[in-house]
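We call the chains A, B and C, going by the order they appear; numbering starts again at 1 in every chain.
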Amino acid sequence: MSRRTVELEVGGSREMGVDGSPVLSPIAPFDVPEPEIDTEHMLINIGPQHPATHGVLRLVCELDGETVKKVTPHIGYLHSSFEKLGEYRTWNQIVPLTDRMDYLAPLIYNCAYVMSVEKLMGIEVTERCKVARVICMELDRIFGHLLWLGTTAIDVGAFTPFLYAFQERERIYTLHESLTGARITTSATRVGGMMADLPEGWTDGVRDFANTFPDTLAEIDLLLTNNQIHIGRTQGIGAIGADDAINYGFTGPNLRASGIDYDVRKDQPYYDYETYDFEVPVGQYGDCYDRYLCRMEEMRQSVLLLHQALDRLPDGPMDVQDPSITLPSKTDCMSDMESMIHHFKLITDGIPAPEGDCYYPIEASKGELGMYLVAEEGGTKPVRWRIRPPSFVNLSVIAKLAEGHLVSDLIMINASLDIVLGEIDR
Amino acid sequence: MGLRKMLPGGGTPATTGGIFGDGSPTFLTSKLDFIVNWGRRNSLWPMPFGTACCAIEMMASAASNYDLARFGMERMSFSPRQADVLICAGRVPYKLAPVLRRIWDQMPQPKWCISMGACASSGGVFDVYSMVQGIDTIVPVDVYIPGCPPRPEGLIYGLMMIQEKIRQESLTKHYEHRAEDPRLVAQPRANAVEVAGLTGPFGNSTQQDQLSSGEAVTEDAESEDLIP
Amino acid sequence: MTPDGKKTALDAVDEGPRPSEAPSASPAGSSGDHPAEHASVSALVERFGDAVLRHSVAAGDQHVVWIDASRNLEILGWLKDDPEHRYDMMSDVTAVDYGGGQTLEVVYQMFSLTHKRALRIRCELPLDALEIDSVVGLWNVANWLEREVYDMFGVTFRGHPDLRRILMPHDYAEGHPLRKDFPLRGRFSRAEQTRRALDQSIEHSYLPEEIALGREPQEVAPVVGTLDSDEGDEVS
């Protein structure tokens, strides 16, 4: 090839073509004459150890100069066989495993898993537990999005939002720690309830966070949203049309950025989400900038949800009052023999499940997270534990998104997909 | 030289050795050690080999609240060629093992290795077919930091232990400290017997081996399947 | 049991959890229809007759249909394209190995964005013939999902454009990990696993077509003029 056509695009001219895919409208195309050189495509390997891949991801790129002709993601560098391990653990023993998959939003995974077990067993949790889990999930949605925000900003070259985001994350770490004792690997839920009731003053801490977080978000917003460099790096990059997005399995903010209004909280609602007052941001062009805007707005909506959930948190027991599921209180355990035997049996044997299978999708911060459990009659361990990982499916599209873009855009697209390798490789 | 040999008893190695002594510290080397070690330990450039949850705690350590910059470690070197200490943060599956080994081999001396977290130290929760049961079967480790994940204070404590280790190093024991057999590049650090010892299942791992149907423990491969 | 016959907590533990009587308000994954009915299930039975092997309702209100594995492409294609059903979103493709010589089942979890309905389709495969048609032509999301099922279970998907291992190394020799006859710690000893992991060349980690790139040195066609008169003096 001897000539290159360079298309320039200055922000603002994003049109949608007839098939729903965005069209880059060139402002001033001009030909750059080049000498006649036979060139070969170049093979570049990015990762698995790389600061910008957000984990141990390997991208093998075929490049024509700086332009990506083809990119093949290779995964499996963090495969920890959670699904196999789950087959050897009782229902409650699996909860600590769930934190380690999406370590950016562990409470969401904790909740998703026990919600699926409870549906399989036909257990209805208490009202207090439902609202507490909604608080946990929305808090961790913000938690996960903050890390995405910090690391994506670093990929664009902006270091400050990373520090601001991590400072806010430290506040959520403190909340995690007061709730469960651990910062990241929370293991907060149990089948039928939570590991413990909310500590005193915890809701005040969450309220305080929800009151002050929007200011920090506004500061980060000021740094990035109308920043011409950020816009230039993200608008028009990695765009995908609506039909393609559905067909390729996108879910979560990635799908909503392409204009599809699908949020599991609204379309397959759980835990009374249909009674909460919140909006789901939907984008238009399906490029990196729209994904950014969707996630920023989602964080603000999560704050609204937090306020509402905190307002409606009822008193009452946190765990379901069924002795075959819930452990007796520690005081009872230590004072009477029957409770101690009860505790012992529940821990060592586990909870027997009915036969059947259950697929329970929820809206995680990355997309639709579904836990599929298969149990046999009286089984205390799952026969099959399958996690439908949103990032796994989102990442598979990167080959299509990045074709024709530059290498630096590839990094930006990878960042905008918001992937976490622990969940992809499981 | 000759004068020293006339000392009663022929002199000790410290007094009869050359400028760096016969493997024992002399006045000159101890002063040089002090300066060199001070420089090395206060400007360690970590190579963050972060894979999973521990990597997030490592990032939190580098952020404002815990701030590794006060140790001189804010310059996270993502190129191993310019790094001093490899912090392996997170679980390492066998697919990633050659990458870890290659990164370690690419780091120039002097280098140290921190195994951060339970998974890097011993396989952690994951005693499964795909997980390396401790990176010390692959690379030589200086400091192990337990925790799942260790708090940033834990990582900082581990880094301070490395600093202490460096403080106690000596130029005269150069070969002891920097011993690495070039023939072992890209090879596992531990031989088969050591690996078997380091990676055998222990504790709860030996009892949580039953499937739901209560089938007998799926035995690990018998000796004829195992290639020793 | 207490001496007077009252049930104690320990008896409850032995019996197992009581499913709660009150169903939750809008359980996730439900069809939205009355639990006993699902529009797609009745339509499937009507249209495909004996290819629909059985139907059940799991976990209270999730409809599961077993179909003949040899007709999966036809049935799933119809479910996707028919405007009454329009399952445009394939949420998940996975497999379940029950172990003990029983069949292995490939599970498709689908969701319709237009009708807001979910449906689960299962196809049984005999252990000695783990082959089924790939649905990548219908939903591109199945590309990686089927690769993972191949990697973990050994099911071959006919017509898949790129069926190779995805999570395990491409030359993984111990088998298919999620099968029930695969031991938790793998078939080789740890020392052997370590040795195999490290005993690799760089090229080992690339696909053949990737290695083929950049093999040939770059040839630059010289831009020199040819001498008009003298052919013998042509500079090449």
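To be clear about the criterion, contacts are C-beta pairs under 8 Å (C-beta built on N, C-alpha and C of every residue); 3 or more make two chains touch, one makes a residue touch a chain.
Just so you know, these numbers come straight off a predicted model, no measurement behind them.
Looking at the partners of chain A and chain B together, the chains they share are C.
Of the two interfaces, A-C and B-C, the higher number of touching C-beta pairs belongs to A-C. In terms of Cα centroid distance from the overall Cα mean, chain A ranks first.
Distance from chain C peaks, on a Cα-centroid basis, for B.
Put simply, the C-alpha centre of chain A and that of chain B have 33 angstrom between them.
Chain A and chain C have Cα centroids lying 21 Å from one another.
The centroid of the Cα atoms in chain B and the matching centroid in chain C are 39 Å apart. For chain A, the set of residues that touch two or more other chains comprises 76, 79, 81, 84-85, 88, 376, 383, 425.
The set of chain C residues touching two or more other chains comprises 99, 168-169, 177, 182, 184, 205.
Those residues of chain B in touch with two or more other chains are numbered 95, 128-130, 209, 211, 213. By the touch criterion stated above, chain A contacts chain C in their complex at residues 35-43, 45, 58, 60, 62, 72, 74-76, 79, 81, 83-85, 88, 115, 119-124, 192, 244, 246-249, 260, 262, 264, 267-270, 272, 274, 322-325, 328, 338-339, 341-342, 345-346, 349, 351-354, 356-362, 368, 370, 372, 374, 376, 378, 383-384, 386, 388, 392-393, 396, 425-426. By the touch criterion given at the top, residues 8-10, 12-20, 22-30, 58-60, 62, 64, 88-92, 94, 96-99, 107, 109, 111, 113, 116, 118, 120, 139-141, 143-145, 148, 152, 165-169, 177-178, 182, 184, 205-207, 210-211, 213-214, 216, 218-221, 223 of chain C touch chain A in their complex. The touching residues of chain B, when paired with chain A in their complex, are 49, 51-53, 55-57, 59-60, 63-65, 76, 78, 90-91, 93, 95-96, 99, 103, 125-126, 128-131, 148-149, 151, 208-213. By the touch rule above, chain B contacts chain C in their complex via residues 94-95, 97-98, 101, 127-130, 132-133, 137-138, 186-188, 190-193, 195-196, 199-201, 209, 211, 213, 215, 218-221, 225-228. If you check the complex, the residues on chain C that touch chain B are 99-100, 168-169, 174, 177, 180-198, 200, 205.
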